[in-house]
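Only one structure is covered here, and it is reproduced in the block below.
Residue numbering begins at 1 within each chain, and the chains themselves are lettered A, B and C in the order written.
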Amino acid sequence: MEYLLLVLVIPLLGGLVLALCGHRDYAPEVNVGVSLCTLVAAGLLTSHIIDGGPILVLDRQFLVDPLNVFLIALTALVGFTTSVFSRPYMRVERDRGKMSPKRMRLYHSMYQMFIFTMLVALSTNNLGILWVAMEAATLTTVLLVSVYRTAASLEAAWKYFILCGVGIAQALLGTILLYLAADKVIGAGGGALLWTNLDAVKTMLEPNVMALAFVFLLLGYGTKVGLVPVHNWLPDAHAEGPTPISAVLSGLLLNVALYAVLRCKMLADGALQNQLPGRLMIGFGLLSVVAAVFFLARQKDVKRMFAYSSIEHMGLMTFAFGLGGPVANFAGLLHMTVHSLIKSAIFFAVGHATQKAGTQLMANIRGVLKLSPTVGWGMLLGTLAILGMPPFGVFASEFLIITTAMRYLPWATPLLLVALGVAFAVIFVRVQEMVFGDSELKPLEHSPALLPVFVHLGLGLMLGLYIPPYLVGWYQQAATMIGG
Amino acid sequence: MSWSGLFSQLLEIAVALLLAPLLTGWVNQCRAWLQNKSAPSLMLQYRMLRKLFHKESVVAEHASPLFRAAPYIVFGCMALASGIIPTLSTDLPLSPAADAIALVGLFAFARVFISLAAMDIGTAFGTMGARREMLIGFLAEPALLMVLFSASLITQSTSLTGIVETLAHGKFTIYPSMAFAGVAFTLVSLAENARVPVDNPSTHLELTMIHEALILEYSGRHLALIEWAGSLKMFAYSCIGLALFFPWGMAEVDAPGATILALPVLVFKLAIGGALLALIETVSAKMRIFRVPEFLATAFMLAVIGMLVHFLPGA
Amino acid sequence: MMMQAYLIQSINLFASALLLLSFAMLSQRRILTLIHLFTLQGAALVAATVVVAYVTDQHHLYYSAAITLVTKVFVIPLLLHRLIDRLNIKWDVETLINIPTTMLIGILLVVFAFNLALPIVKLSSSIAHSTLGIALACVLLSFMMMITRAKAVPQVIGFLSMENGLFFAATAATYGMPMVVEFGIAFDVLVGVFILGVFMFQIREQFDSLDIRHLEKLKDD
């Protein structure tokens, strides 16, 4: 319980402190320090959960179980590495006059608040608070996406706010319906929104209302996951915000939204006793994978291209969780982890490359390898990893997903394979053009932080070759919990 | 038909004929007050009618008999309409002759004749006015029908007296659908009676007038009849509004004495209604003619929603 | 008992007023009137909530009514008024579809919402359950308002009015959400409005207009 409090309080306090001193020269270091403390606290919490099992604390409002503790650890980890990456990156942006001291303060403060809202969303047991935290996460990221105050970033932020606002309103309607269904069974003692209570009585919930509630929840939180057709905000927000924010959006926020969908699916499965929730997720997932690949091929902006790649991978995870069963769920969780690690690594490398080239247009980025071998190799390896080349972890998870699909949903397999193949061809050709070739650009004034890139890639590689036994146990527990 | 029924029927028509110009005068007076003008006398309408009746009626050379007949037909329609709308009593021998749908038809009948008469002479204004009048009419009638249907759904009757009896003497209930119907009815009445947001009764500006353009060619007793019919129409609409939304205070079948007592109540309700009308006219600006379809479409939509609300699930 | 019946009928009446105001907002061209209508909608919501609270003796509903009163009737309209004063816009509401068509689609949405509400209404035992259809209809109508408006301020008002509809749905179906959640929602909405207000200044600075059709530069090409 103390550890959970620490995990939540550290980023909150960090956000408040940085709201006061975020414009100072040492602010990036404070940001890194706070993120490191969060990571340590999350590590302690994780080991505590592994030893002692799930905890339900603070008047049952917070729950940490195998499903969310691994996401909490992942969030703290990527939050920390991104803060390391953001230190030199944002300094360059400031020196180039794109960030005023006031905006630096906003950026740093909101970064910590964003991490805080995600951690609350992950650890809460109350579906109402989950909603509030998701909405708060939207608000903080809206500020982060618009931090450059350019026409394009304002447009992206406005779209993001309006679309996600509408989406999250659907989720609220879904939550209300869920509460209505639960109220009948649990009664007016409060607690009808507590996930643990709902889970205990899920077979008794009225199926019609639960079906309707799940549709609204899936649409609502699905907007934040970036599922096609409610994905329009995602490429804009990724492309126009600062690159560290693109990394945490892709690597973390989408996961948190998917986590929310999963929690709701577990309840809907119990209440409906049929395939409807799974089928819906399979449909949305497949549509997202296929549509994202089509859009991906038309992109000229490198961050937009990788944003569509995120939609593709989120679609794949949604598909996997839709299939359900221990294997597919295991694969989905593994994919969640490696995608989050590798996609953020790619954004780090791409961030440095675009900063050097001074543009995000792929046609104008050339010779990254010559300019900086580490950034170039980071980009290349990251791209290979995300495209599912063995021995990286994405290969393992995609292999598992596709073999499971072959068994239960044979017609979907060729679709998935074709989509993954096209994505491979397009992204690889584009990245290869950017990485190789000639360039006359000078190196940057602040040496880039490449440690995060290689730490993430290393972890991704490890998960492809060897998953530590406690991690396997952990995934298996979570996969069994999700069920379906 | 009982004697008391006959009595209240005759009384009602007489009251309508007499009170209608007074209502118009009252609205004009209120409007003048609200606009900081010195108000015309309440009796002005009566004096104007008397003056017009004494004047010679000039008719255009090429006018057909239709042109001469139209004022009488219109006046007759309006007088009949005021006869079947319950104002003082629900014991009306005429009321089985026409229900709410027939009432709308009666208004439409009058509209067709006045429009035909306006085109009869062949002047540009008359034709333009007729066109606009028909435009408003074809949009306003369905809306009015929907309003009446909302009330019919509640009371299970299309007869106006039936509606009023159920609404006024049944157990008091708040009907949400009537709130929508009320707003829709207000919009329709403003349009039908050529009041401000749609038409300005006190203007003779070529491009904007609707109702006035129709009757430009009339003079003398014809004009008097048409003006009187206009007042009667407004009186009739006000009484429909009162009957649907504020039906209290009307006499019942077996209480003939109450008919007399209902008169002051009616006058009081009309006075308030007229003042409200003047207020609406003062605070709103006349809209362009192209906006009128939108205005009336809104009224229609509201009336339809009113009906939908009546079928609210579980209510 | 008689009193009780009238109170329940008055809940229906306030619910209808909410729907009526949603339609009025859908058909409104002037921004100032739009804000007035939004304020009125908030007031109707407060009235309905208070009546439900009184009839069912649910004390926490009084608090949520108070939160709504403060945010939706006082603070947010005030913010919006100051916003349009400072931005100097009063007349500019443009619609992408003409208003009669909008209204027609609106009616279809109402029918759809009423049908959607049927299974929920059957489940709910709340005294106001029959108004759930209206709440859903309000949500859908505000949703449509957001889609059909070309300017930023009406879009935001549409968003807020959707929140009103959702709040009413919660009141009608389950006598409101738990207190923590309602506080959270109100807080989020307030912060959201504040951020959007700041945004509008920046959008106007960048584009010299609040027409969100300028915000269509980012395309997939």
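One rule holds in what follows: a residue touches a chain if its C-beta (ideal position, glycine included) is under 8 Å from a C-beta of that chain, and two chains touch if they have at least 3 such contacts.
Small disclaimer: the values here were computed from a predicted structure and weren't measured.
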Closest chain to the centre of mass proxy, which here is the mean CA position: C
Interface with the most contact pairs, given as the two chains involved: A-C
Separation of mean Cα positions, chain B and chain A [Å, integer]: 65
Rounded Å distance between chain B and chain C, as computed from the means of their C-alpha atoms: 36
For chain A paired with chain C, centre-to-centre distance based on mean C-alpha positions, whole Å: 31
Complex contact set, residues of chain C against chain B: 6, 9-10, 12-13, 15-17, 19-20, 23, 27, 98-100, 103-104, 106-107, 110-111, 114, 117-118, 121-122, 129-134
Residues of chain B touching chain C in the complex: 172-174, 176-177, 179-180, 183, 293-294, 297-298, 301-302, 304-305, 308-309, 311-315
Contact set on chain C toward chain A in their complex: 116, 119-120, 123-125, 136, 139, 143, 146, 152, 155, 159, 162-163, 166, 169-170, 173-174, 177-178, 180-181, 184-185, 187-188, 191-192, 195-196, 199, 202-203, 206-207, 212, 214-218, 220-221
Complex interface listing, chain A residues touching chain C: 61, 126, 128-129, 131-132, 135-136, 139, 142-143, 146, 149-152, 154-159, 161-162, 165-166, 169, 172-173, 175-177, 179-181, 183-184, 190, 192-193, 206, 208-209, 212, 235-236, 239-240, 295, 298-300, 304
